[in-house]
Each structure stands twice: as structure tokens, then as C-alpha cells.
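The following block contains the structure, expressed as C-alpha cells.
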Amino acid sequence: MLSTVLSEIFKKLPHEKVHAHCDGPCGVYDPASARIAAEAVLSMTKKLIALVPPQGNNSSELATYNNTFSRFVAIKEEQAQQTKKELLILWTDYFKPEHLATFPDLHDTFWKAAKLCSACKVNIDQGKAEELMQAVEKIHKMFWQSKGRNDSWITAS
Amino acid sequence: MLSTVLSEIFKKLPHEKVHAHCDGPCGVYDPASARIAAEAVLSMTKKLIALVPPQGNNSSELATYNNTFSRFVAIKEEQAQQTKKELLILWTDYFKPEHLATFPDLHDTFWKAAKLCSACKVNIDQGKAEELMQAVEKIHKMFWQSKGRNDSWITAS
Amino acid sequence: MLSTVLSEIFKKLPHEKVHAHCDGPCGVYDPASARIAAEAVLSMTKKLIALVPPQGNNSSELATYNNTFSRFVAIKEEQAQQTKKELLILWTDYFKPEHLATFPDLHDTFWKAAKLCSACKVNIDQGKAEELMQAVEKIHKMFWQSKGRNDSWITAS
Amino acid sequence: MLSTVLSEIFKKLPHEKVHAHCDGPCGVYDPASARIAAEAVLSMTKKLIALVPPQGNNSSELATYNNTFSRFVAIKEEQAQQTKKELLILWTDYFKPEHLATFPDLHDTFWKAAKLCSACKVNIDQGKAEELMQAVEKIHKMFWQSKGRNDSWITAS
Amino acid sequence: MLSTVLSEIFKKLPHEKVHAHCDGPCGVYDPASARIAAEAVLSMTKKLIALVPPQGNNSSELATYNNTFSRFVAIKEEQAQQTKKELLILWTDYFKPEHLATFPDLHDTFWKAAKLCSACKVNIDQGKAEELMQAVEKIHKMFWQSKGRNDSWITAS
Amino acid sequence: MLSTVLSEIFKKLPHEKVHAHCDGPCGVYDPASARIAAEAVLSMTKKLIALVPPQGNNSSELATYNNTFSRFVAIKEEQAQQTKKELLILWTDYFKPEHLATFPDLHDTFWKAAKLCSACKVNIDQGKAEELMQAVEKIHKMFWQSKGRNDSWITAS
């Protein structure tokens, strides 16, 4: 996978010391926030695909189905927005010009990841939700690499 | 430490299978959300303590100090609120009646943790912020124990 | 009704003076906030049950139905979340350890009430919405009892 | 007091039946929401006036004072905004053109009440906070009069 | 159109100098915020009308349709609420008692515009969405007239 | 000024037709939202600089000063965050890969503008606030250029 290869290359690069002057500036950044939200997007997408509309015209069954469907879409929307927000905090506040030498594709990586968040809203598309998880994993690796750490990618679900 | 002892005991207990029927119900819970916010509370508390008021009456230096102080308090407030919110999601949505046998102090643990969030707002108190971190760590262990996992407690800062 | 019996018992207990050291700490707590939101949950649940899907395939009628259904679900969701939030403010900020002697089921009462909020989101279930109203009424009585007042339970609708 | 006189007059007017076609439309309106927020504004204003700045240059005492002052201002701001929001929901969603005959000063009453919310933000002014309480009480009376009820004005604090 | 006639009359009136004592008080008001949100309401309304439900019982096509429909309704709702909020900021914070002489229908104009926002939520009604645009245009003209400017009404879409 | 020169060059380039597939997808984008928020940032920064701390130890004058200062910082913070949010909507949702040929510095322009928002929070710095206005003006020109329009840059204040 591209992100693994990239990660291997980064590990061999010298780790540049970057002073944290964040927005807060609490200095506490963690891509786990984006990862948790992206997992929820993938989970809701799968659940929406698995949801079976009721056969026949039973009004109460239809209402139950619509209640669930409508809520799942709203949660998928909210979590995709949250993923985007958490990713953009890393892009605008954590990463600094001195990181561009190590990560020349920094902007493009975040732009595509943000657009994947939108794609997961507009569609019910498990492929896109899995691509989003991979994009967040790539960013997880870039982030910890930039801090000279090598934290594993562990999901909650 | 109490939480470590507790965690050891829990490991010896048989792990009960609990079906997830969460609020979402996306089924993606992760105490890392609370941990990240609690780290920010501790960080802002330390920075507020370290902040030195300007000597003399230089109006511009005073304004800079007040801008920073005022923002740090607001971020501490917001992050303490976020910690409380994330903890309460675990308490109200993730934990179920069947967990009470394994964690008889479940309610008390969360109540005290929530009250520590408030204490970190009302005061600038590094001791309280560190107690909050310990409370979140205890909940981290209870949570993963309940899922039959043994995830390490790793902080971002 | 259980809550009435309970309330009668509490009235006979000596009223302990508790100093207010709230989160704000504005000291203004009022279970009416939770009650208003819970009334909205019950109202939207009833309206969803009463909503009749259009017969036939008239595209405009279907759109009108879906617009209304989708909005009602979203308002039910929002108000159930608001009920939960308002209840948890009382639990984490207003009630203090010294209240536990008078209300030994304090934690359990709030936990179940919070879980009823989730149940009202996940389902369109008038029974659950009515149970939620009863849970909020019970908390209303505990709250005013703890302040040595005896405010009536009056609903807006 | 003007509002009492007005209320007396309204009681003598025939109560017009008004069909509720609210925004939600859950039909659950209650001026208690605005009242609770306005009480918090008054409470925070009083606490800000009572707050004594530390004598001398003790850095830790100054930080404690500034933390408290800064939080109280933020809570006053938030609650004044909440009061305004709750009042405007009544004005835009609950009151209908048919109410104008009974309440010819409807618009002016709400406009002035909203402007009092702003005044309570911009200043630390107990007089304005008390005027706001009176404005909310007047609206409380108009509201229940319009529903043919006569609910008492009871505060939480 | 009424608003054009009104605007012509206002241009002939002497422009009163009004000191800005806004809520913020940043003094930056611009009806463009309301206009952008109202354009989104109109856009989503048109898209909802144009949305064709799938023929037959293909479960995946139905899910796609429902995902899109549900999201469009939610965005329409959010943008109508935003329009209302932006209009009410102008009414409560920008306009002052001295403006009432020039704009005797000030209150009524804003009240009706706010009620149009609600109508655009409750229904999928292109006529109402267009009326809302006209109401915002009228307010745009009143606003710039009051500042002695004559800014054109230019939409983004 | 660079942005003017750039704008002149863009005007001579052929306008590529780009289909709008936005996040909403309401298709209504307008850089005026970012401009209004950035104007508020500049306004609050100027007002903070102009604010004169009280001489002497009058407790009431000090409270008035602190109330105003604290609120201005909070509004500056909120509006800088709003500017960042509105800019990032344009970057992630409006601009598409096909725009990169025309605007090769697209990513860098938005990254720097977002970082200026943070700088305006962390400091009370009129220079930075004016740089932010210029950055938003540059984006205003790129945006309308991309749509084949030539809308003037008009501020509200």
C-alpha cells in the first residue's frame, strides 16, 4: 500500500525538530480524533447498506425504517464533518512550513482526504469510506513521523 | 495506584459478552476522545500557571498578557467541557446494566470524573488537572477491560 | 405512582442545607429545562405516529411527507439530546455527595433517565417517551425536595 | 407595575382561540426557558459586582481572580445570548398575526427585551439585568394570557 | 414591486446619521450573510422539487434517493435557520429606535421575513423561498439606505 | 499589489467551465462570508488596541474595562475561527482539481490565509489583521475569476 511505502521512506529521513506554536496553543494534537470519526462514518455506511426496507405497506414498519434511515444519514453526515474538521486542524495548526520539505505532498494529502469526507456525505459508498480510513491512516503516520514517534494504527472497532 | 490494582483484578474476571446497542448506534466508542481533551486541560492549566504578568504599566504588554490569559481560560473551559461530554457518552451510551456486576463503582467513577472537569474550570489547579488525567486513565482501563482488550494508555503530549 | 410515594417520604426527611458550588457557578438550576425538552420529544413522537404516508405514487405528496417525516425525526433527536444534556447538568453540577444519603438511588435514576433519552431517539415509541416524562417528573421532585421547596409539576402542553 | 396592569386588562379580554402552526412544529413553547437564562444573567452580574480584585502583586491570587472574572463574563454573555434566542423563538414562531389585536405592543416589547439582552452583555449593570427580568416577566404574562392560562411567575433562585 | 418603490422613496429622504452601538460591538453588519443563506434555501428547495424517486424496488437506488433527500431537507432546514438568525441580528442589534421614523414598517418587515424562514422549513415551496429572497432584498435596501449607501443587490448563484 | 497583478493575469486566461459538485450540494458559494468575518477581526483588533486601561484602583472602572476587554478577545477569537471555517469551505468544497492549472498556488494561498486567522487569535496585531483582509481579497478575486465574473471587492465597514 502506498501509505506503508511512504511511511517506510519517512522513517529513514532525519527527524527535524519543529517547535510547536499552535493555534490554542495547547500543543496537544492527536490524529486519533479524526480516526474515531472516520470509523463512525464507515460503520454508519455499512449499517445503511445493510438496512432492509420493509415489504408491504405496514405503516408502523415503514416509520421505523424511515426513523432509522434518517438518523443514520444524519450521524454519517455529522461524523464525516467531524473527520474533516479534525483533519483540517492538523493541516492549518499543527503542520508548519518546515514540514513541507519532508512531506512535499502535504497539501494534496489533506485536500484529497477532505474531499473524501464530502464524498462520504453525498453517497452511501463503502469504498469511499474505506478510502477515507486509508487517508486518515496515512496522515496518522505522517503526523507521528514528524514527531519522531512511531505509534501503531489501532482502531476502536 | 488504585486504578492499576483494579485493572489487575478485572483481568482475572471472566469477560462477559455484551451486545452493543448504543445511541447512534455506530458502535464506535473510544476513551481516547476524553483523554485528548483532558490532556489539553492539563496543558492549558500549566501554561496559565507559567504565564508571567508584565511589570510596570506598559499598556501594550498588558493587552498582550490579557489576550493570552483570557484565551487560555476559554480553551481550558472548552476542553474541560469536552472531557465531561466525552466521558458522559461512555457512561450513558456505552456502559450497560450488565457491566455493573463487573464494575460496581461505575457510577461513582464517572460522577467524580465529571466533577473533576468542573473543578478544572473553576480553578487553575494543576493537582486537579492531574487527578482528572488519572480518572480518565481509570475509565480507559475499565472500558478496554469490558471489551476484552488491554490497550495501553498512551498520551499525545 | 412510585414517584409520588417517594416524594411523600422525602418530605418527611429533614432538609439538609447544601451550599451551592456549581460549575458556572451561577447557582440557577431548574429542571424545567429538561421538562420542556422532554415534552417536545413526546409531542414529536405522537406526531410521527399520526403521520399518514400518501397512497399512490404522487411525487409531490411523497416529497411533502418525506420532508415532514425527516424534520420530525431530526427535532425528536435534537430534543432528546437536549433532555439528556439538561438532566446531566443537574447530576454532575447540582447534586453533591451530601445528597446521596437522602437519595440513595440518585445515580441509577439519572442513568436510566439518560438511557430513556437514547431509546426515544432510536425508536418512535410513545411508551418510552411517556416513561421519559415520568423520569423527568421524578427528578423534578427530587430536585425541589433537596431545596426544601415543593414546586408543582406543570407542563406547557 | 405596568406589566401587572397590562396583565389585568388582558384577563378581561375574551381569549381568542389560536391554532398552533409553529416552526417545529412540536407546539411546546414555554417562556420558562427565557426566564432561567435571564436569572443566570442577573446572578452572574451580581457575582461580578461582588468580585474583589486582589490587593498587592501576588501572581497566583491575580490569576485566580482573572480566571473567575473571565469565566463569569463568558457565562453572562452566553446566558444573555440564550435569553435573546429563547425570546425570539416566541416572537417569530409562537406569536401569530391574530395576536396583534390583543397585544398591540407585541413587536416593541420583544425588541426592547432583545436590546436589554445586548445591554447586559456590553455592561456589568445590575439595573439592566433587573429590567431584563421584568421584560421576561411581562412576556411570560402575555404568553400565558394568550393561551387562556394564568401561570404564576416563579423563579428558581 | 413594493420593495423597489419603497427603496425609491427612501432614497429621497434625508439620511440620518446614526451612531453604531452594536452588540459586539464590532460594528460590522452586512445583509449579505442573510442573502447567502436565503439563496441556499431557494437552491435546496428547487433541487428537492427536481429529485425523482426511483421506479421499482431496487434497494440500492432507494437508499441513494433517501440519502440525498434526507440531506437536502437537513441543509434547507439549517440554511433557513441561518437566514432567520442573520436577519434577527440586524433587527435586534443594528437597527435603533431612531430608524423607526424612516422605516415605520421595520418590525413588521422582519417579523414576516422570519416567518417566511419557518415556512421554507415546514414546506418544500419554491414560491415561499422566492418570497424570502424578496424579503431579504427589501431588508438589504433598508439597511444600505440607513447607512447612506446604495449597494446593488447581487446574488452569488 | 500582488493580488491585483494576479487578478489581471487571470482575466486574460480562458475561463474553464467547471461543473459544481459541492458538498451540500447547494452550489451557493460566496467569499463574502469570509470577508465579513475578517472585517470583524480587524475591527475588534483596532478596538482592543484603542482600549485604555483605567488609572488608579477604582474597582468598578476596572471591572468595566475587564468586561469589555474579555468580550472583545472572545469576539475576535470567534470571528477569526469563522473566517477560517468559511475559507476552508471554499478550499475543500468549491475548488476542484481542474482549478489547479489556473491557480497553481491555490493550496499555499489557503494555507497561509488559515494560518493568518490563527495569528489574529494569538496576538492583538493590526498588521496581521490587515494581511488577513488582503488574503481574503486575493481569494475573493480567484473565486470570481474561476466563475468568469469580476465582482468588486466592497467592504461593509
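We call the chains A, B, C, D, E and F, going by the order they appear; numbering starts again at 1 in every chain.
In this section, contacts are C-beta pairs under 8 Å (C-beta built on N, C-alpha and C of every residue); 3 or more make two chains touch, one makes a residue touch a chain.
Remember, predicted model here, so these are calculated numbers, not experimental data.
Novice: Can you list every chain in contact with both subunit B and subunit E?
Specialist: Both-contact set = A, C, D, F.
Novice: Both subunit A and subunit D are touched by which chains?
Specialist: Correct list: B, C, E, F.
Novice: Please state whether the interface between subunit B and subunit F is built from the same residues or different ones, using more than half shared residue numbers as the mark of same.
Specialist: Mostly different residues: under half of the interface numbers shared.
Novice: Could you let me know which interface, B-C or D-F, is made of more C-beta pairs in contact?
Specialist: Ranking D-F and B-C by C-beta contacts puts B-C first.
Novice: Half is the threshold here, strictly exceeded: which of D-E, B-C or A-E has more than half of its contact pairs identical to A-C by residue number?
Specialist: Of the listed options, the interface copy of A-C is A-E.
Novice: What is the distance, in whole Å, between the centres of subunit A and subunit F, each centre taken as the mean of its C-alpha atoms?
Specialist: 26
Novice: Can you work out the whole-Å distance between the CA centroids of subunit B and subunit D?
Specialist: Computed from C-alpha means, the inter-chain centre distance equals 34 Å.
Novice: Please set out, as single numbers or ranges, the residues of subunit E touching at least two other chains.
Specialist: Only 25, 70, 74, 121-122 qualify.
Novice: Among the chains present, which pairs are found to touch?
Specialist: Listed by label, chains in contact pair as A-B, A-C, A-E, A-F, B-C, B-D, B-F, C-D, C-E, D-E, D-F, E-F.
Novice: What residues of subunit A sit close enough to touch subunit E in their complex?
Specialist: 48-49, 51-53, 69-70, 73-74, 77, 121-124
Novice: Can you tell me which positions in subunit E touch subunit D when the two form their complex?
Specialist: Residue list for subunit E touching subunit D: 22-23, 25, 84, 88, 91-93, 107-108, 111, 114-115, 117-118, 121-122.
Novice: What part of subunit F is in contact with subunit D in the complex they form?
Specialist: Those residues of subunit F that touch subunit D are 57, 59, 62-64, 66-68, 70-71, 74.
Novice: Subunit D touches which residues of subunit C in the complex?
Specialist: 24-30, 32-33, 36, 39-40, 43-44, 47, 75, 79, 151, 154, 156-157
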